[in-house]
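Think of it as A, B and C in the order they're written, each chain with its own count starting at 1.
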């Protein structure tokens, strides 16, 4: 029994909620065969927003009560699967000429070769494929938003790809 | 009849439109039984984005012609139902021990006890339940986005909870 | 054959992706018959986010390989269809009294008369109608977000208007 006056607030039901955290990494890329200046190696400060959807845990004995996922746990997964893999790399298509690849590998410490053109669209597709199998089974990847520059971004949505 | 040259622009039909306004409030909370530092009282600068959906009013005699809702009216509703209730409060679960509750009530002027763990996920669920009955009948709450920190937020969507 | 060690990353399938670019323009408007200060001519720094949806091009011989649309091409279309039309104009409803229209046309160099009340909701509807017919046939306008002020915006979504 509380013996002093308190405001009270009650909710009637648990809800399905989306949770999002922002991540940042620095990455260089080159667009093989592109008809513009982006064909050359250049870098961006990428911003990645990861949005998960699930039911808030409804169990007062669970230390994660009221959460879809602990933001700290989400941070751990994305840092391990995405940020540590791509941060401070040069990402290039596997179609790049061997001479240029050798040169890049000598100039840059960390070349990451991918089987796609590393546009913002393809990177966000790759990230979705990497993240999905690493999530707890009761939580779904809802969408990813990847800023390549301050005013342009690409998004992958689960609902667009079912 | 206009007697000088003017550019003109015409639309062919009214559309269903979503309108959003951002709100800010300062709030402290403590997560009862959580296995991390957030178990202790701490504060955040919350940012809440309220998104409504409806048809733009199509009546030249209505002073709100062309609007889903006057942004000023939306501001009034959310300030009354959310900002004034939660701004500069300490929000705690009703499961908190009575001793700690008493201590908090003595230290802080404005303790708000809620029947849930006051995570970002649960707060946004509470806000949805508070806002929905206060909206004009022809306008629906589409979604809420609540930033707890500058890089993490939770979202409630009507479509996720039907 | 690559003769040195490289990390590799592979994706298994192309995805449907949304791409967005932000645009900015300065515009004045007056809301005819409105019951607030916005009835008078005043300006805003508008921010428009244009989101398209499509499949990333999957053709290594195409210079746009891996893109839904070249961001440069999107920029060209929106600058031509929206920014150049509305930037530094005064937008007024065709219902405005002729005297006021004449006075505005004398005071401001660039009055744009529209057949609607130029609220944020109606402007974004007009913009959608202008952009849709100018896009390549394989790409769809997914949504538009128009900030009128730093903390309020209206959105048009194709899915809300089918």
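Just so it is clear, a residue touches a chain if its C-beta (ideal position, glycine included) is under 8 Å from a C-beta of that chain, and two chains touch if they have at least 3 such contacts.
For clarity, every value in this text was computed on a predicted model and none was experimentally measured.
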Handout entry: Partner chains shared by chain A and chain B (touch criterion as defined above)
Key = C
Practice task
Specify, for the interface formed by the sequence copies chain A and chain C, whether it is same or different in terms of residue numbers shared by both sides, with half as the dividing line.
Solution key: different
Fill in the blank from the handout: Between chain A and chain C, the Cα-mean centres are separated in Å by 26
Exercise for the section: Indicate the residues of chain C shared as contacts by at least two other chains. Expected result: none
Handout entry: Of all residues in chain C, those that touch chain A in their complex
Key = 1-2, 4, 6-12, 14-22, 51, 53, 56, 60-61, 63-68, 70-72
Handout entry: chain C residues touching chain B - in the complex, by the definition given at the top
Key = 31-36, 85, 89, 94-95, 98, 101-102, 105, 110-122, 124-126, 128-129, 150-157, 160-161
